[in-house]
Amino acid sequence: MFFERIYEKGLAQASYIIGCQATKEAIVIDPKRDIDTYLEIAERENLRITHIAETHIHADFLSGSLELAHQTGAKIYLSDEGGSEWQYQFDHVGLKDGDVIKIGNIKLEVMHSPGHTPEHISFILTDLPASTKPSMIFTGDFVFVGDVGRPDLLEKAVGIEGTMIAGAKQMFHSLKKFKLLPDHLQVWPTHGAGSACGKALGAVPSSTVGYEKLSNWAMKINDEENFIQTLLEGQPEPPKYFAMMKNLNKVGPKVLGSIPHPARLSVAKFKEALTSDYQIVDTRDKLSFSGGHISGSLNIQDNNSFSTWAGWMLDYKKPIILIARERRVDALNGALIRIGIDNLEGYVSDIDKLEISGLNLEILNQISVDELKDDIPEYKIIDVRSYNEYDISHISGAINIHTGYLENNLDKISDGEKIVLYCTSGDRSAIAASYLLRLGYRNIYNLSGGINAWIQAGCQTERKNVDQMVMTESQ
Amino acid sequence: MFFERIYEKGLAQASYIIGCQATKEAIVIDPKRDIDTYLEIAERENLRITHIAETHIHADFLSGSLELAHQTGAKIYLSDEGGSEWQYQFDHVGLKDGDVIKIGNIKLEVMHSPGHTPEHISFILTDLPASTKPSMIFTGDFVFVGDVGRPDLLEKAVGIEGTMIAGAKQMFHSLKKFKLLPDHLQVWPTHGAGSACGKALGAVPSSTVGYEKLSNWAMKINDEENFIQTLLEGQPEPPKYFAMMKNLNKVGPKVLGSIPHPARLSVAKFKEALTSDYQIVDTRDKLSFSGGHISGSLNIQDNNSFSTWAGWMLDYKKPIILIARERRVDALNGALIRIGIDNLEGYVSDIDKLEISGLNLEILNQISVDELKDDIPEYKIIDVRSYNEYDISHISGAINIHTGYLENNLDKISDGEKIVLYCTSGDRSAIAASYLLRLGYRNIYNLSGGINAWIQAGCQTERKNVDQMVMTESQ
Amino acid sequence: MFFERIYEKGLAQASYIIGCQATKEAIVIDPKRDIDTYLEIAERENLRITHIAETHIHADFLSGSLELAHQTGAKIYLSDEGGSEWQYQFDHVGLKDGDVIKIGNIKLEVMHSPGHTPEHISFILTDLPASTKPSMIFTGDFVFVGDVGRPDLLEKAVGIEGTMIAGAKQMFHSLKKFKLLPDHLQVWPTHGAGSACGKALGAVPSSTVGYEKLSNWAMKINDEENFIQTLLEGQPEPPKYFAMMKNLNKVGPKVLGSIPHPARLSVAKFKEALTSDYQIVDTRDKLSFSGGHISGSLNIQDNNSFSTWAGWMLDYKKPIILIARERRVDALNGALIRIGIDNLEGYVSDIDKLEISGLNLEILNQISVDELKDDIPEYKIIDVRSYNEYDISHISGAINIHTGYLENNLDKISDGEKIVLYCTSGDRSAIAASYLLRLGYRNIYNLSGGINAWIQAGCQTERKNVDQMVMTESQ
Amino acid sequence: MFFERIYEKGLAQASYIIGCQATKEAIVIDPKRDIDTYLEIAERENLRITHIAETHIHADFLSGSLELAHQTGAKIYLSDEGGSEWQYQFDHVGLKDGDVIKIGNIKLEVMHSPGHTPEHISFILTDLPASTKPSMIFTGDFVFVGDVGRPDLLEKAVGIEGTMIAGAKQMFHSLKKFKLLPDHLQVWPTHGAGSACGKALGAVPSSTVGYEKLSNWAMKINDEENFIQTLLEGQPEPPKYFAMMKNLNKVGPKVLGSIPHPARLSVAKFKEALTSDYQIVDTRDKLSFSGGHISGSLNIQDNNSFSTWAGWMLDYKKPIILIARERRVDALNGALIRIGIDNLEGYVSDIDKLEISGLNLEILNQISVDELKDDIPEYKIIDVRSYNEYDISHISGAINIHTGYLENNLDKISDGEKIVLYCTSGDRSAIAASYLLRLGYRNIYNLSGGINAWIQAGCQTERKNVDQMVMTESQ
């Protein structure tokens, strides 16, 4: 049996390609939308991708199943569990609990495992004829290493009321089934540390049923009420684009075919774009952006979080122009496409050239810990991290508005004020600051070094008290 | 806990880097000698490599422990088990069964597991404080996925008589200890499919104790005699360089420091080398080599088997010149260094230029299945694969001399004869043919497409009969 | 003034981009069809390409004027001289002798310079206001360094009878005008050494009017008859694709827009193609091709002559598949597009994989000088070089058929014979051999090392005698 | 004849490789110190570099003659003209006016052409036997396209009094000789636009004797006094490193052999360096540097002027650490080596990582035109451009201190003042600002967009008046 895990850091997402070396057939489980990776592995290993499967309707990335089927002719195997609301709306082979997929000598048995979503299934693999006993389970967003999938996304991100509690109950019962599996089974989930599909995912790629039973917090709570409460508390803010992903993955993402290199824009075309309804995304590092940027541009840095923040901050309907290094443009385009943003118009690389051609650059004010600490009453301080981080420790006097929820909390920010934004070390507050500058706010300051520098300098922080913790800023 | 498996395809060798995210310390288990990979991962993950450990004295690759210690200042942890013959002869922290290494919050417990070698140890990992239960075992060459380490290398490759049976017995008892470990433990071995350290290694990267107990052939034989016999039979020929590796790893490989780009040789210098005692290694594909090559050059193709065949065929004491593509030279040099060949003098890239400058190219004769099958009595046919492959099926009338043992069997090949060499598809027979041409043999033919083409054309093959199977050609 | 020469080695073709640094306008003279080069230079130098000009209707490459105009909006300036037969048939600004183009402060004056073609013009540049005196002349295919353009292409390649002598006369008179230009003028022609648009082009990129008057053979013959005879004799065979180029450049080449990466074909698709009317072009080196190739494939090596030989050997109407290295595919596609071959269907990279999947590889027989010289009467020997090379020296007994004219001389080659092909060192004879193998000829041998090896071994050659020189094989 | 011009943009320096295709010998004229370029061209063209020549003792870059001779065994041909002070002090073949070098069939005739320096020679090339007339002259720093070499470097940069006028006289007489050369001769100088070896060099790579006679300002002045005065006025400030270059080129630069990739420093090693006498050079763009930089680092951007500014600003005796992109490190090292800075200790790439590891970043204050123009009296404004640029137009009230002469004018800048630095668009003022910050000045502001933005905003500038022009700030 051939086995390879493909890990996309930007999404903290794992997919799997598994092949039968006898028949040269292979299956891909939970493919991402930029499918070249799978085609290359199959080519290298002399395999044909004949099967594609998903564990559930994903919310955090656009599925590559249709794309991959289009390129390879493989069949798509999807859950028909979960009731009428949760049925995929494009052509597929339907799967129910207990169904079996055969890929050459490899057997995948379907186990319905609702909780994260109602239709969620897992796949138990047996590597015939080497052994008649199963060796692995692909758990999707059901069981992670050290955590379980959150059941509140549908309610919080998609807005389907009442599903949060119902999902938590289903999770409780699905875990009972999981505990009946043999200890030796390897567990390969669809997400790793950093995913917003859970709250405490481990960085280790895989685990076993036996080990999770011993060490996963969710396996240790036997009381249903207690379990539900614990599961729901402390879940991070769901990215706003999850609602759209969910829907697109259900009806079927657009097939792209081959993805061309985005267009390099001339200075003239770039200037035209500035006067239209384009979103200019400046992917340079936050220091460069602070030093000088095109007025109105959003600073989403080219790092592992690019996909996620693009999903949070961009309007899917408006065309996008990147300011990015030439050799990174394809990767950034891939990162956008992975979450369904297909309307990249082009890019420019050289901000110097733009400046020379007469565009004035704007500065993002930075404020040092020294300046701020001596003059706190002068400023309104906003902590743009998640409420979990804020609750644990924040700069005394700061209010909390998650970067992605600024849009919903503009009434709390008036243009007359001097506003200091901060996060852990300045990445998210640069996004937040660029967002507010774009809206026309003038007195925006980014705290250099973030709360890290604040703490290092021995300045005062505080925890959220219990009363406050009932209502959080960002929801 | 941070965890990453580094897999070197050319050696079918896995090493591991494991880090504690709280203290930023990390350990590397069984490092290869080109250590950049580890330094880059540590840099990327913001970790310091503070510990290095080996499971045993390796025979199939040169250890990178000293190199890595030299660059990072990390301490080296090595087995002091196995008796006086098997003691590492350079500075290290000695380990005995039951000892514990702490890397930040990560605990590695030593388990003596002799069999493959007398000093062999395994490491059982516990990821504190997340769990007090162990989650993984690093088994080195003790337990592989679907196989166990071979105990006959010391006798066959290094020539220490009597160790084969003794090792097999130790393996039997070590496996008893293994079976007592909890089913849920993940098993991460040092080798994958294709390694010569066992005979039936799986291509899946990891397994679990429970699954191996259920499906590994070696776990199912409870009778000691039967186990020993089964373990020893069918082991592939051990590469000849294993003896040297073993010794170098015991006394401590030379530290290289940074590895420069090999020198590109001028045509003039290359011509000089031809008249001296250089080994010219032509790494082009076998078709190119057949079409025309420098007289006296060895054809070891630039593919995943390069390290192994270089180890088999090259004299460690004579300087080497590569014929290779410019952008592959560093990788090929790395592949040589990994097995302790440090005397690469340089390379040339452009065989056309050599030809233009007056060097005559020699052709390697190819013979097609059609030509051979009509005229078999004309030729002496030599199967240059391993005796296992030969035993299962070979061209009727062919004798078996493993490519790496041609040197020891030249008395069976006389220059007057027309000699056809074949293997599975022509890669190994190209090595063998170039080796014989180099010695001055003239009537050498390489069977196009190898036995694969022979079988496809419906020609006759035969199995080795039982009597023959007592004595094999290559030993 | 900004000035840069762009030299395309595969076509031995020079184009020029000249910009006015005051107004930021630029002109490109004689652009090739892959226009990225010009766009990148303009971007780098902060120039806008506003003008495009051609010296004449090119025969040896497809013009990039329309492509470049499409991308930049620049205007195209073309000759309206030469009579009704030689009028460009697409939208342009017409130029007559004496007309002036202004690109910012740069002045280009048109000089009608027929001979190579009737409509041919040259451009005399003055760099105002720095100087009111001209500094350069762009001579196209009129005056080269050390040679002049050949006037026989129209008759020989395009088949317009009578134009050869007429053109030579025009050239004689155009040169008279050239000699009146000031000595100090720099001469920048459109071709360098190796172009088929002349017979003795120098490798130096530029010259001056004064120096050409002193040293160019064509300037030294003052008798018209003598000039015509000398000019026409010894011109190389015109590539067959010149006729098509000429016509396409007159009516206007298809605009391509951005050029995508060609498709990588699966083994299955490649096998399908083998049964259809595809042209398989194997771009590997000749040694690899000799060692083993797909039956029916043509060997046109990936080197500087790729464009030219593709133009000679390929049928423009049939789809093409390349066997080529992944990272060279874009460059090879560019080389095809440059001469108007737009129907590349895709490529495969790994011939090993094709062989493993069951395709038999065919060998191209090689014969060494030693084998041939002892057995000459056994073989029919064909010199596949140009008749000029043949005339100077060839293997005794060989006949001459230019590689590109094999198609027209198949009556001279019967399948029963053992045929030895040779050229200088084996590149062209590999093309020729693959062409004949493709047609089904069986006993084809390629002479290793070509006539170079033959001469080096001291074997006999002969010159063409005077009588023979009247009639050449290839015309 | 083979001919190729190698142009190094960072030095605006041209060198030449010329080969005889008959004998395969080649000469390099005025090689730069990173000689790979020449070796690669020779390899590609199948030539051996057998001769090396220099036109004079260079002041603006370190000569590669010894390096190239070391690698190739070629002989070095150097001027023995100019008197005892101007003799090369290492082994070479001495040349006097009228001497001839033969490279195969190529003839180079030596013409003594003092002025720029006393020993300066030019080479007149004849391409035998194609022509007995010369076709090119390599003029070094004697005649440029549109300008002539400056005679004041020795006095101003090296401090040899009285040489300025003497040199100008020699130049006048050398030009008389130049005018006697035939008009048709191509002129290939050693520098192009941007070099500090003259004041008005053209961007066109070559010219002719005839054209220069018509259009070069220096050829048109027939009165010696007038010529001398015109030649000396308006010459730019000579970079300070010229003195050292001159001397090193005379005694012979150190031979480097192969140049290894500089060491990547760990964060720990970088922190150590901060406390020692290292020069930290931050090569990121000025916006990034402004947004945040390591305290004490100099901002010399990675662009075409890197060599020059490194030469101006760095202390040759102190070790250097670069902050640079990984893939640019080799090129930047080459740029340093080219001007004799051999003590690069290593580099770091990721300033984010430095910040995370606890190093505070410092901001470079920027001031916009809007802020400055309303509050001019608050600030001391320094124009850090050359005095020529200042004289033509500067911000009203600004004083002029050339960036490279800040060191000599610190008495004009007191730490208490608010200091605004500006140049054309902000590149040089970023260097200047980083230099002053490094010295401990606190209130340094960089004018965003430089004088370009100032003019664009319609603010007031002034010219230097005639009286002031007698004494310039920077000398």
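Going by the order they are written in, the chains are A, B, C and D; count residues from 1 in each one.
By our rule, a contact is a pair of C-beta atoms (placed from the backbone, for glycine too) under 8 Å apart; a residue touches a chain by one contact, two chains touch by 3 or more.
Nothing here was measured: the structure is a model prediction, and the numbers come from that model.
Undergrad: Report back the single chain whose CA centre is most distant from the CA centre of chain B.
TA: D
Undergrad: Roughly how many whole angstrom separate the Cα centroids of chain A and chain B?
TA: The answer is 41 Å.
Undergrad: Just how far, in Å, is the C-alpha centre of chain D from the one of chain B?
TA: Distance between chain centres, rounded to whole Å: 54 Å.
Undergrad: At least two other chains touched by the same residue of chain A: list those residues.
TA: In chain A, the residues touching two or more other chains are 356.
Undergrad: Does the chain-touch network form a line, ring, star, complete graph or other?
TA: Graph shape here is complete: every pair of chains touches.
Undergrad: Under the stated contact criterion, what part of chain B meets chain D in this complex?
TA: Where chain B meets chain D, its residues are 46, 258, 260-261, 263, 266, 353, 356.
Undergrad: Going by the contact rule set out above, which residues of chain A touch chain D in the complex?
TA: 284-293, 351-352, 355-356, 358, 360-361, 363-364, 366, 368, 425, 448-449, 452-453, 456
Undergrad: Taking the complex as given, what residues does chain D use to touch chain C?
TA: Residues 1-3, 21, 127, 130-131, 133, 135, 146, 182-186, 202-211, 213-215.
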